[in-house]
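Below are two complexes that have subunit A in common, paired first with subunit B and then with subunit C.
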Partner chain A sequence: MTATLARHRGALLLFAVAALIPIGVRDAYFLDSLVLILLWGALSAAWNVAGGYAGQVSIGHAAFFGIGAYSAALLGTRWQQSPWLGMLIGVLLSLGAGGIIGYLSNRLRGPYFTLSTIAFSQVLLIVASRWRAFTAGSEGLPVPFRPGFATLGLGHVAWVYVALVVAVLYWSIAVWLERSRFGYRLAGVREDEDAAQALGIPARRLKVIAITASAALTSVCGTLWAQYVGFVDPFYVFSIDLSVRFALNAIIGGLGTALGPFLGSILITSLETYLRAALSGVKSGFTGIYLIVYGLVLILVVRFVPEGLSGLAARLWARRSRSAA
Partner chain B sequence: MSAPPPPLLSLAGVTKRFGGLTAVRDVSLEVRPGDLLGIIGPNGAGKTTLFNVIAGYFRPEEGRIVFDGRDITGLPAHAVSRLGLTRTFQIVKPFGNLSVLDNVMIGALTRRTSTREARADAERVIGICGLGPHAPARARALPLALRKRLEVARALATQPRLLLLDEVMAGLNPTELGAMIDLIRRLHAEGLTLIVIEHIMAAMMRLAQRIVMLHHGEKIAEGTPQEITSDRRVIDAYLGEEFVLAEA
Partner chain C sequence: MDPARSLGPAQIDVFAQLAVSTILLGGIYALIAVGLTLIYGIMRVVNFAHGEFLMLGMYLAFWAFTLWSLDPWFVLFVSIPLFFVIGLITYALVMKGVVRASHNVQVFTTVGLSTVLQNLALVLWSGDFHTVRPWHSLRATRVLGTAFNLSQVVAFVVAIVLTVALVAFMRLTHTGRVMRATAQDHDAAVLMGIDTERVYRLTFALGIAAVGAAGVLVSPLYAVYPTAGLQFVLLSYVIVVLGGLGDMGGALVGSLIVATVEVAGSYIFGTAWKEIFYFILFIGVLVFRPAGLFGQRGAETLGM
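What follows is the complex of A and B.
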């Protein structure tokens, strides 16, 4: 027990800090950043189940995010249903969609799998943006704010805790994956599918399970995000940009690690929020410059810390312990 | 006189084609429990293809494969392995980013549900294979000889009843070769049934009880090592006159 605590002290410290911040800080702008850091971190952790642990690099996870966002938004606006019901329906639809895409692209490896996921999310984008009668098309869908926990109409402080619960839950799933039979065998599939099969591992089935679970987890966050932001735009929720963000946070933070996606999200989300505020806007004329910095950070990380921020942290920690000893 | 035990593995008329090329043609053979069967043949003779067919990686166009009384023809590779028929790869396929221990543990988890038991199994197998000092090392960082041993260790951890070894001795220096031969002998002595593909005739002569010779996908000879090395067809197709003179 103490060994487990010690191994995860970095993550536990991080989540504890996140839990304490709203007690002292009431600045809406700061709390908003914290909610987004936790949500984007959780989304990357969800992506990591397929992309990092199973080696199924998807650039189409926005599909599941969009399904979650639209399920709750449509149920809420058209049938006045609770977003929790919408979340559940989104999860069921994403399980189905994840299962189908996992099954269909089962034989595809590497970049071919990635391309098929992009195609899938683009199909959903077209459906959502063209089916005006149902989805309101490209105008997007406003999500009405109805105060209360049952309707997820919450203030910033409550949102921090909702996002924190999801973040800790997803992080725990990753920790479980690293220690469980399923996780070990999945790592085998990721490293070499043929060799895994020779050891009696049903590689294809494990890959479908991983992507289906990853899809459902992504969908939950899609619902939360839509309720938090209050507006669903098909060109955003189904965008490749969004899929890339899920992947990049995990890659920068550390592929196939429990804490990595959250470290990546802390760096990227805060950097983006800061740069957007500081450099873009009409008066500065630097609209979009944050994208350049974003790219630069990615290049630097991949060049100098290919194992990601969590690997870097582990290395520094080991060096410190050695010099202390 | 008791009847001979039923074969653990039997192939009947197995044929595998790739388009116009017949890689394995009408091969029949039997392996009894406790056998150590060698398969030899020139490059491209269809040895590895035969392994791929037996282990479920390729579905044969014709013929039947029966393992332990059960028809496994066309069964997927993971199901074949689960039944106790495990193969290694000629071009080793370690889980490169994982430690040696984790590699072997993944094999052990085929029979174990608890990771703790699997780790204990893996440590035992690692010891048998002489990989003990390398257990925490990344598989990718090992030299070839150790990666070949890891390939064997990982397969052994699945507790197979029949182990197919595909050129686990190729590329080893004489010391490493000796260690590998000792390992295979020890496994065989403990009751494991093996089929071994190998080019190194000297090793094969020391190991195999029976040898099957493949040429252009066909089985052209089968017998004890002595019978095989004096078979005219084997000498012409594979060994060459120098081998006969050197042996003499």
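What follows is the complex of A and C.
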């Protein structure tokens, strides 16, 4: 038990700090950043289940995010149902969609798999943005704010704790993946699918399970995000940029690590918040400049620090302990 | 958009019009896709930033036309060497370090490049839609009861000439043979004294030159804006997977298939839903014939 605690002291410290912040800080801007850091971190942790642990690199995860966002928003606006019910329906739909994508692109490896995930998310984008009668089409869908926990109409402090619960839960799933038979078999499939199969590991089935689980986890955050932000824009929730963002945090933090996605999210979300404030006076708009930086970070990280921040930290730590000994 | 609609059904044989539409569109798609498939075939890198070079080509044509009233047909001659150099620079700065790296590194490097280029365009030239309207985009050409604007016809002819030239270069010249040898077996090529680094550099620059030229050619036909490349690049993925990733002849056939699906789909179901057909086609091909319609079976499971 103590060994487990010691191994995860970094993560536990991080989550403890996140839990304590709302007690001392009431600044809405700061709390907003914290909610987003936790939500983006959780989303990247969800992506990491397929992309990092199973090696199924998807640039189509926005599909599941969008499903979660739209399920709750549509149920809420059209039938006045609770977003929790919408979240459940989103999860069921994402399990279905993830299962179908996982099953269909099962044989595909490398860039073929990545291309197929993009195609799936684009099909959903087209449906959501063109099916005016049901989804309100390209104008998007405002999510009404109805106060109360049952309707997820919460203040900033409550949102921090909702996001924190999800973040800790997703982090625990990743920790479990690192220590369980299922996780070891996934890693086997990721490193060498043919060798894994030769050892009797049902590689294709495991890949389908990984992507389906990852889809459901992504969908939950999609619902939360839509309720938090209050607006669902099809060109955002189904965008390739968003799918890249999920991957980006995980890559920067460390692919296939439990804490990595959260470290990546802290860095990228803070960078975004900082640049938004610093460039607020720039006429051509903040988004462009922010995304240029973000693209450059992605290129530089995969090139020079492919193991991510957590890998880099481990490497530096090892060097320090060696020189100390 | 489609000149056929404004002329009314009485004057035009619908099927002839649709058939010629398909062929014209297919030729332009071929030039866009051929660079992508060339880069994939030789370097084994899927260039996710391919559409952004197309977008830059469109902006080049737009600025040349707006600032100096230069016709895109003239800009075309400048664009090919210019984009060749842009390709060389991009290769040296970005691609060189990842050409032998894992798929993930390559995917995210080119995705990052795409984000940078898109947003550079957004910051420099804003998100406004621009159009390039030289005289030839306003002139209709009539052949056998069908009508097309001249830009479209010339874009098609030039696209086919460039695509065929590129295929011929790969098949017939010594350099082309060296490039194909590198694609088949990198290590053997090195042992035969081939400078594979130079091959990759040349491949990337040629692919970018092709797509840059395509951008200039399509500028009178489509709106110019920072994410203009996206619709085309998604389409070229469909084309190159249909034709077999890396197969340049296959890309030509793939272009015609995608153009057929697009033209027939928009005619029957309306333009709003046309993209959905080629994505469904794409998913169908990935599921049933992932190595392409004429590809070697099993290529997809090797991630080749």
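To be clear about the criterion, the second predicted complex is superposed on the first by the 308 of 325 C-alpha atoms of A that agree within 3 Å, B and C clash if a C-alpha of one lies under 4 Å from a C-alpha of the other, contacts with A are read in each partner's own complex, and residues count from 1 in each chain.
One rule holds for everything that comes next: a residue touches a chain if its C-beta (ideal position, glycine included) is under 8 Å from a C-beta of that chain, and two chains touch if they have at least 3 such contacts.
Keep in mind the model is a prediction, meaning the values are calculated, not measured.
Trainee: Let's test your reading of the overlay: on subunit A, do subunit B and subunit C clash or fit side by side?
Mentor: Overlaying the two complexes on subunit A (C-alpha atoms) leaves subunit C and subunit B fitting together cleanly.
Trainee: Using the touch criterion from the header, give the chain among subunit B and subunit C with more contacted residues in subunit A.
Mentor: Touched residues of subunit A are more numerous for C.
Trainee: Applying the touch criterion given at the start, work out whether A:I251 contacts subunit B, subunit C, both or neither, answering first, second, both or neither.
Mentor: second
Trainee: Can you pull out the angle centred on subunit A between the C-alpha centres of subunit B and subunit C, to the nearest 10°?
Mentor: 80
Trainee: Which holds for A:S33: it touches subunit B only (first), subunit C only (second), both, or neither?
Mentor: neither
Trainee: Now for A:S172: first (subunit B), second (subunit C), both, or neither, which partner does it touch?
Mentor: neither
Trainee: Regarding the shared-chain residue A:I299, is it in contact with subunit B (first), subunit C (second), both, or neither?
Mentor: A:I299 sits against subunit C, while subunit B stays out of touch.
Trainee: In the overlay, answer first, second, both or neither for which of subunit B and subunit C A:S82 touches.
Mentor: The answer is neither, since A:S82 touches no partner chain.
Trainee: Based on the superposed arrangement, let me know which partner A:I201 touches: subunit B (first), subunit C (second), both, or neither?
Mentor: It touches subunit B, and subunit C stays clear.
Trainee: For A:T273 in the superposed arrangement: first (subunit B), second (subunit C), both or neither?
Mentor: neither
Trainee: Using the superposition on chain A described above, determine whether A:V57 touches subunit B (first), subunit C (second), both, or neither.
Mentor: After superposition on chain A, A:V57 lies in contact with subunit C alone.
Trainee: Enter the shortest inter-chain Cα distance between subunit B and subunit C once the structures share a common frame, rounded to whole Å.
Mentor: Minimum over all C-alpha pairs: 10 Å.
Trainee: Considering only the defined contacts, which subunit B positions touch subunit A in the complex?
Mentor: Residues of subunit B touching subunit A: 55-57, 76-79, 81-82, 86-89, 93-98, 102, 105-107, 109-110, 112-115, 118, 154-155, 157-158.
Trainee: Looking at the complex, which residues from subunit A come into contact with subunit B?
Mentor: Within the complex, subunit A contacts subunit B at residues 179-181, 184-185, 187-188, 191-192, 194-203.
Trainee: State the interface residues of subunit C toward subunit A in the complex, per the touch definition above.
Mentor: 40, 46, 94, 97-98, 101, 103-109, 111-116, 118-120, 122-124, 126, 230, 234, 237-238, 241, 245, 272-273, 275-276, 279-280, 282-283, 286-287, 290, 300-304
Trainee: Any idea which subunit A residues touch subunit C in the complex?
Mentor: Residue positions touching the partner: 57, 59, 104-105, 107-112, 114-116, 118-120, 122-123, 126-127, 130, 240-241, 244, 247-248, 251, 255, 284-285, 287-289, 291-292, 294-299, 302-303, 306.
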